[in-house]
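Right, one structure below, let's go through it.
For clarity, chains are labelled A, B, C and D in written order, and residue numbers in each chain start from 1.
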Amino acid sequence: MPGLNRNQMAWRAAQDIADGSVVNLGIGIPVLASDHLPAGRDVFFQSENGVIGVGPAAAADRIEPDLVDAGSRKITLRPGGCVIDSVWAFAMIRGGHIDVTILGGFEVAANGDFANWDSRIPNKGPLVGGAMDLAACARATWVIMEHNTRKGGPRLLAACTLPLTAMRCVSRVYTDIAVVDVTEAGFVARELVPDVSADDLRARTGAPIALAPDCRPLAAPALPA
Amino acid sequence: MAIDKRVATAAAAMEDVGDGATVFITGFGGAGFANVLIRALCECGPRDLTLVVNSATHPASLTHELIAAGLVRKVIASAGRGRDPGLSVFETLLRDGKIEFECVPQGTFAERIRAGGAGIPAFFTPVGFGTDLTRGKETRQLAGRDCVLETAITGDLALVRADLADRYGNLVFKYAQMNFGPAMATAAKLTVAEVREARDEAIPPERVQVPGVFVDRVLAVGA
Amino acid sequence: MPGLNRNQMAWRAAQDIADGSVVNLGIGIPVLASDHLPAGRDVFFQSENGVIGVGPAAAADRIEPDLVDAGSRKITLRPGGCVIDSVWAFAMIRGGHIDVTILGGFEVAANGDFANWDSRIPNKGPLVGGAMDLAACARATWVIMEHNTRKGGPRLLAACTLPLTAMRCVSRVYTDIAVVDVTEAGFVARELVPDVSADDLRARTGAPIALAPDCRPLAAPALPA
Amino acid sequence: MAIDKRVATAAAAMEDVGDGATVFITGFGGAGFANVLIRALCECGPRDLTLVVNSATHPASLTHELIAAGLVRKVIASAGRGRDPGLSVFETLLRDGKIEFECVPQGTFAERIRAGGAGIPAFFTPVGFGTDLTRGKETRQLAGRDCVLETAITGDLALVRADLADRYGNLVFKYAQMNFGPAMATAAKLTVAEVREARDEAIPPERVQVPGVFVDRVLAVGA
């Protein structure tokens, strides 16, 4: 199947992170975006465990056991970074001080509804973490996810089927085949991989999707999967 | 009497903890777990506990030992899912209806504890509106957003991990160890801290992250 | 008129401050109490501007301009003290972490209602400060005030006549002639200066006041007014 | 572009402040007044301001200059009484009905600002229940106490005094200078700090009291 791999999706999202912004990256593919920020953009990555200014992963011989992000990764702190407590970290999130959060997802609806926390695995306990806070309150919520499920079903839908994370919160989705804006008028593809036709895109999307008049080819540099 | 909150043993740190207590436990993202105190609480053996902890199943926390020992009636947390494909002790008990679970969005979880310590009995938040986790809660539109009413959490005991303490109970954390420490320390009737080092001399005022007035007992446990 | 002077009233209140407690002292007479704490009692005085562990006034040559209390006094910090921000300072107050606040007052009612913020001075602007927070939320609210107004009227009343600071909050009043508990049954004098008779006390009090069975003489060491 | 929030002049610090703005100003108990910025705002001259400041009349603050200059429509504060027996400029305007005043218990004042920065649109508090200052507010009994509903305060501009800053906008306060600084910095759209010294090198993480992400501009003004 043609399309972007995980690192390429993260790369594509990273290109849209504005210089000087404050960004929270979700666990999984989103957190890879920090490796692909265009040169010259000075960004503070926040992690919901209180780290402001998450830097690259710590080298094996420079690990500080208590310097971790919300995903338990051993990290470094960028110059000018600091650590706040969880109350303040979420006050920062809920108070609209995160310019963009980029999250992994299961489903996005045409009205921006978002499902990423409960995939209904039998008997496994619930796990919400900070997903609802981030999705509901960041100034912009972007989602990185495969365009389709493993069984081929759509993840971009007229209405979510899984339990919601937050209502009307997603403004942009980066999939392996398209960059899709969530607009007042529903889904609009801004970029599409060259091997996928508009008809293919529509067939693989669970709600009406328009192509932007200036829809461009979605391309990313070669990156390891 | 000159204030000195340092205790010599984990058993002394857990004195007077009774059945039915609501217990806060710090720790998130691999940092700040009060594992010496959790084990001491296990040995102390109070029953029917309600745990207020970010995750019921984080492998780096010994919370699961309290649960496995059958001491826990209910868990309030933002995470209750084990990492393995199989079921954790907590998930097995949950499936079998032998433990209660209240799943709370993490920011609401933090804010409810902070509210408990700050004398705010309830607050409105937009987080969780329209989701399964706030079903049945009072809602209201405020400042143009749909919100839900959330209530404070207070507790009987807080187990807090920090890096440094002094005799006055002042605490200093190392990096992300801080997480829920300040909030939980303020929301419990009895706050016990385990620290790498507990000094006799006072921590310089500009380094204090939790004032000692919120901390009742300090146990030095080393690194 | 027989009775205690300002420092003696503060001294008397200070005798009741328990070892190891956290105490907030109001502006005026109450703040004098810290000078009269019995030897051997280790207490943290909180000021609502965020200072925890207010120490003695700073010597003229050791003044730190930014180390002040809520009354703008240049102070010192006791060992183990620190400074928090106003949000946390009032979270501490409202959250019940102050064992005792001792406040100046205008009126106390027999049900514990308290008036100390608005004496209705014509045209002067309102000033509430932290009085309502302290009175409503400290674990115990004690009041130091003259038993009577300058015109001789009572300050201990059946019901307050001035705007309330908080309802049903005062548990003890230290006046120049008596120590009075506010109980379920109303005012009960625990101590009375020897020169004032029970009848005098009743005449000078604006609500029924009982003498405790073990009512003792109120006495204080000689102190400058 | 490498982040650098330091500005060279007070005028640059006040750029883009418009009429009708809601302005937070720090300072309490004789510490933490952002007087250089207050004067710069005076010179900038926006009208119909709403000031959110602990005291409308504290002599150590230049807030009264903004009021005397006729730039202020309303003050939200816990204190509006001058120390002198005569009337302050503010009190004269208040008597003559030429300025609005909202008197708020200081803890509620702090909490409402904190709520504004923390995305909490409203909260219940026991403070002020049954008093003139909460007349007409919604009430509710919660956790056995009568409470009133209070709403968040957000603003357009915060003028914050601190001791040290770095190029990233991180702030460090000296002692009681902190007071409303952290809360106000989070509740305003544009936060400007005046500091004794603004360094190029980063402040060590454990010394930061307001993270730079909450601060937009920094002006070094000396002691």
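Heads up, the rule we're going with is that contacts are C-beta pairs under 8 Å (C-beta built on N, C-alpha and C of every residue); 3 or more make two chains touch, one makes a residue touch a chain.
Predicted, not measured: the structure shown is a model, and the values here were computed from it.
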Taking each chain's mean CA coordinate, subunit C and subunit D are separated, in whole Å, by 29
Per the C-alpha centroid definition, the whole-Å distance linking subunit A and subunit C comes out as 56
Chain centres from averaged Cα atoms put subunit B and subunit D apart, in whole Å, by 33
Check: subunit D positions touching at least 2 other chains come out as 111, 114, 118-120, 125-126, 175, 205-206
The positions of subunit C in contact with two or more other chains are 77, 83-84, 91, 93-94, 137
Contact graph of the chains (line, ring, star, complete, other): other
Those chain pairs meeting the touch criterion are A-B, A-D, B-C, B-D, C-D
The subunit C residues in contact with subunit D across the complex are 47-51, 64-72, 77, 83-87, 89-91, 93-94, 118, 123-133, 136-137, 163-167
Residue positions on subunit D within touch of subunit C in the complex are 28-32, 54, 56-57, 60, 78-82, 87-88, 90-91, 94-95, 101, 103-108, 110-111, 113-114, 125-133, 146, 163, 173-183, 209
Subunit C contacts subunit B in the complex at 19-20, 22, 40-42, 44, 46, 52, 77, 79-84, 91-97, 137
Seen from subunit D, its contact residues with subunit A in the complex are 1-3, 114, 116-120, 166-168, 170, 186-187, 202-203, 205-206, 208, 211-214
In the complex, the residues of subunit B that touch subunit D are 111, 115, 118-126, 142-143, 145, 147, 151-152, 172, 175, 205-207
